[in-house]
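In the part that follows, the structures are each spelled out as structure tokens.
Next come two complexes built around subunit A: one with subunit B, the other with subunit C.
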Partner chain A sequence: MKLSFEGVFFTYSTGVRALDGIDLSIGSGEFVAIVGENGAGKTTLVKLLNGLLRPDGGKVVVGNWDTAEYSTAQLAGRVGFLFQNPDEQLFERAVQREVAFGPRNLGFSERKIASKSMSALKTVGLADHAEDNPYDLAPFERKLLALAATLAMDTPVLVLDEPSIGQDAAGRRRIGRILRELHTMGSTILLISHDLDFCAEYAERAVVMANGHILADGLVEKIFAQNDLLQRAAVFPPQLVRLAQALKMPTAPLKVDQFVNAYSQWHRRKKRA
Partner chain B sequence: MHGTLFVSGNSGLHRLHPLTKLALTFLFLVFAATLPNLLWLLAAFVILLVPMSAWGGLLRPFLRSCLVVITPFVISLSIIQGFFTPGETPLFHLAGFVLTGEGLLAGLTVASRILMALGGALLLMLSTRPDMLMLALTRSGLPGSLAYVVLTSIQIFPRFQERAQVILEAQQARGLEIKVNIFKRLRLLVPLMGPLVLSSIVDVEERAMALEARAFSRPGRKTSLLALADSPGQHLARWGLLLLMLALIGWSIWRAISS
Partner chain C sequence: MIRIKDFCYWYPGQDQPALDGIDLEIPEGQFCGVVGPNGAGKSTLCYALSGFAPHFFHGTWEGELQVGKRDVPRSTLGELAGEIGLVFQNSFNQISGARFTVREEIAFGLENLGLKRKEIERRVEETLALIDLEALAERSPFALSGGQQQRVAIASILAMQPKLLVLDEPTSQLDPRGTQEVFKILDKLAGRGGTTVVLVEHKLEWLAAFADRVITFSQGRIVLDGSAKKILADEKLLKLGVGQTQFTQAAAAVQKKKFIPRSRPLPVTLKQAQKFFE
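Up next is the complex of A and B:
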């Protein structure tokens, strides 16, 4: 599903101008990483997508809906949201019911609710915990539960605010794999993260924000290789990029296998020369 | 400051010693409980509290917070008291119930008492850094743990409000429709109150550990980075305020006995 921001401004009641003229359009099925320093306006930007915040100026469009004309609950059927802190949303006594809450709000049939919740729990690896109380889960499992609750809503657009934070290697890989799978099935994905290694591994396009503006927008390979740009946006470049630059390699591949290939080619060529 | 109502500034009100402001808050609380009728209460609010908030450069946040909190009370109290207090002056008929003038007045009086107490608390919270208040309380001999209790109870309102807002957003993002009729609204309480209570408990536990990690209950005198400015005048004023409170309480007891 297509998303677009047209000349969007947003100022909080405290007078902080969090978004200062944003123009951005995201095609259906794109996987976009949004990066930038603390307070750049990333969370504010995505909250406009489901009407949790309303722009002071400009227009935000989700598919063919102008968000100004729809309530958050309606937009929730199109834009799924994973918040940073799962404790702010879990309340049911059983994992299964927690996951069913969203689909039920969206008016799915009982059969669809059951099948969507179960498959979401399987996807995140919590199927064995369906009857447990969400508060008996470990914090990282609660985050996975919150993700399952979002997945079960079966929305064409998915927004994730720092999904990899607090996860160990297995959890991180699991979340990455889930995102990749959703991406191949055509979901439009917005990933907010300070973890550029994670972004580099899974996203295809990167939007760099600072001070309520968009500093740069393009393929992750191009954007993450620009040291000065990342420095201006106060984000830490991915490890592989820093390594490639330290070695003075001509390219900076973002995935380990690509890096290894590029390195051995470059190394061989250098030896011959 | 996050999680508090404090609005920074350098006005006379801001510079008053925290205990002086606390005494004023208690005085307004006594006002709320003892002033005899609506007229007195509103007069005290307009003549004392509103100018004081303006003195502190806090007129807008003060009035805004008062309005936000008091409106639901005004509406619900007027309806409940208005329809269920018998009286001589019927104002309005609805489905066999009568809204009486006496009832309406009673409802508004209770609401104005709440407004008075609320206003007093708001003046303190808006103009006083919480850590300054805590310091002032411990300096005057209150045990640290008790000062902490006072402080957290003052801060709990804005913290709750902030957290409730976040939870509300999270549930709306899961498709929860909140603009529904009153009966359905009751059902909303579970998804909203559940996380609120649980996350608050987690919060309390974490805070207790954070405090201990910083030697909160270590015996002995503690020093502070903050400097408190006091003056003999303010010291005297606080005793004056205390006497005034006692006098007001005495007066209202006398009124109760003699009527």
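Up next is the complex of A and C:
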């Protein structure tokens, strides 16, 4: 499902202008990383997609819906949302009920609710915790539970605000695989993350934000190789890109195997020369 | 500075100890990183070092845990407050909510320490400048982005100038520049200031660049302990679920292809990686 922001402004009641003229359109099935400094407006931007916040100028469109004409509850059927802070999202007393909450609100049948929530719990690796109280879970498990609750709603658009924080390497990989799988199935994915190594590995397109503006927008391999641009958004290129730059290799590898291939070629060429 | 001997800790009602026979000595002024998979006991170590386990979480413990001259589990949280600072894993919970502005929030902990007004003001301004919060000083700590809130949580502990700083994933929401700044601040405090720093962190690249030492937790025990560069290059980290930097992963993959001899030690920082591949 496609998304668009057309001339969007947003100012908090405190007077802070968090979004200062945003134009952005995202095609159906795209996997977009949104990166940029703390306070850039990333979270504010995506909260407009499901009506948690309403723009005070411009238009936000989800599929063929102008969000101004739809309630948060209606938009929840289209845009699944993983909060930066899971405490904003979790309030049931059992893990199972937490995951069933969203599908039930969307009016799914009891059978579909049961199957969607169980499979979402399995996907994130929390099936054994179905009966537990979410408050007894460790922080990283609460984040995974919030992700399961988001997945169970089966929305065409997924917004993930910092999904990998607090996760160990195995957890990051698990989340990455889940996102990749959803992407192959055609979901439209917006990933907000400060972990550029993670973004590089999974996303296709990158949007760089600073100070309520979009600084740049393009293919990950192009954007993540521009140090000066990223610097203006308090971000550094991924480790492998920095390494390739330090070695004066002509490419910007995003994954370990890409680096290895590029290095092998470069190494051979250098040997011959 | 820190002396832990055969320390075990059980959360209330648990049979399995979350800390299972910890022996650890950390000298004054050391910058010590802590890594480990989720659930390994890293946060519990932080709680034990700061007295929150057992004084806040209750539960039972045995063994010895001393910070400086203080017997931590036998001291009250009040006695520990000025000496040991803990930045919680979840910065959303650290904001006291007792004050209206960021400036007041940072002053709050200092007031509780009973410092003089002048000293409080001096430290607040110093800390705001140190961690780049001046522009947000008059804002409500709740009307901030996640990363900005995390900065406030760090600042309110730094302002107290504890001899031991314990930080549990303090940079998880910070942008890369903010992360680097926090590491630089901790490095300075440890190096010249003599503050002892215990830092739980998943960002291995920065640990490699700044920490003196890295200890690795698994299932409530310390399983690896040594210099940051040695531990972070250890391939056991992969099996443990800690992972490795992409510098290290790329180097190991290239070694497998025999472009580079096996004898060359794996790099953990950008500088080392550059040398490794050249």
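Note that the second predicted complex is superposed on the first by the 273 of 273 C-alpha atoms of A that agree within 3 Å, B and C clash if a C-alpha of one lies under 4 Å from a C-alpha of the other, contacts with A are read in each partner's own complex, and residues count from 1 in each chain.
Keep this in mind: a residue touches a chain if its C-beta (ideal position, glycine included) is under 8 Å from a C-beta of that chain, and two chains touch if they have at least 3 such contacts.
Here the structure is a predicted model, which is why all the values come from computation and not from measurement.
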Clash-or-fit label for the pair subunit B, subunit C on subunit A: clash
Partner chain(s) touched by A:113 [first = subunit B, second = subunit C, both, neither]: neither
Partner chain in contact with A:105 - subunit B first, subunit C second, else both or neither: first
Subunit B versus subunit C as contact partner of A:87, first or second or both or neither: both
Partner chain in contact with A:179 - subunit B first, subunit C second, else both or neither: neither
Subunit A residues touched - subunit C or subunit B, whichever exceeds: C
Touching partner for A:135 - first (subunit B), second (subunit C), both, neither: first
Among 74-82, 128-136, 182-190 or 254-262 on subunit C, the segment whose C-alpha atoms clash with subunit B after superposition: 74-82
Subunit C-contacting residues of subunit A that also contact subunit B: 85, 87
Touching residues on subunit A, where the partner in the complex is subunit B: 47, 50, 52, 71-73, 76-77, 79, 81, 83, 85, 87-92, 101-102, 105-106, 135, 149-150, 153
Touch list for subunit C against partner subunit A, complex: 36-39, 89-90, 92, 139-140, 143-148, 151, 169, 172-180, 202, 205, 238, 241-247, 249-250, 253-254, 257, 259, 270, 273-274, 277-278
Of subunit B, residues touching subunit A in the complex: 163, 166-167, 169-179, 190-191, 194-195, 198-199, 202
Subunit A to subunit C touching residues, read off their complex: 12, 14, 16, 36-40, 43, 84-85, 87, 138-141, 162, 165-172, 194, 196-197, 231, 233-236, 238-240, 242-243, 246-247, 256-257, 259-260, 263-264, 267
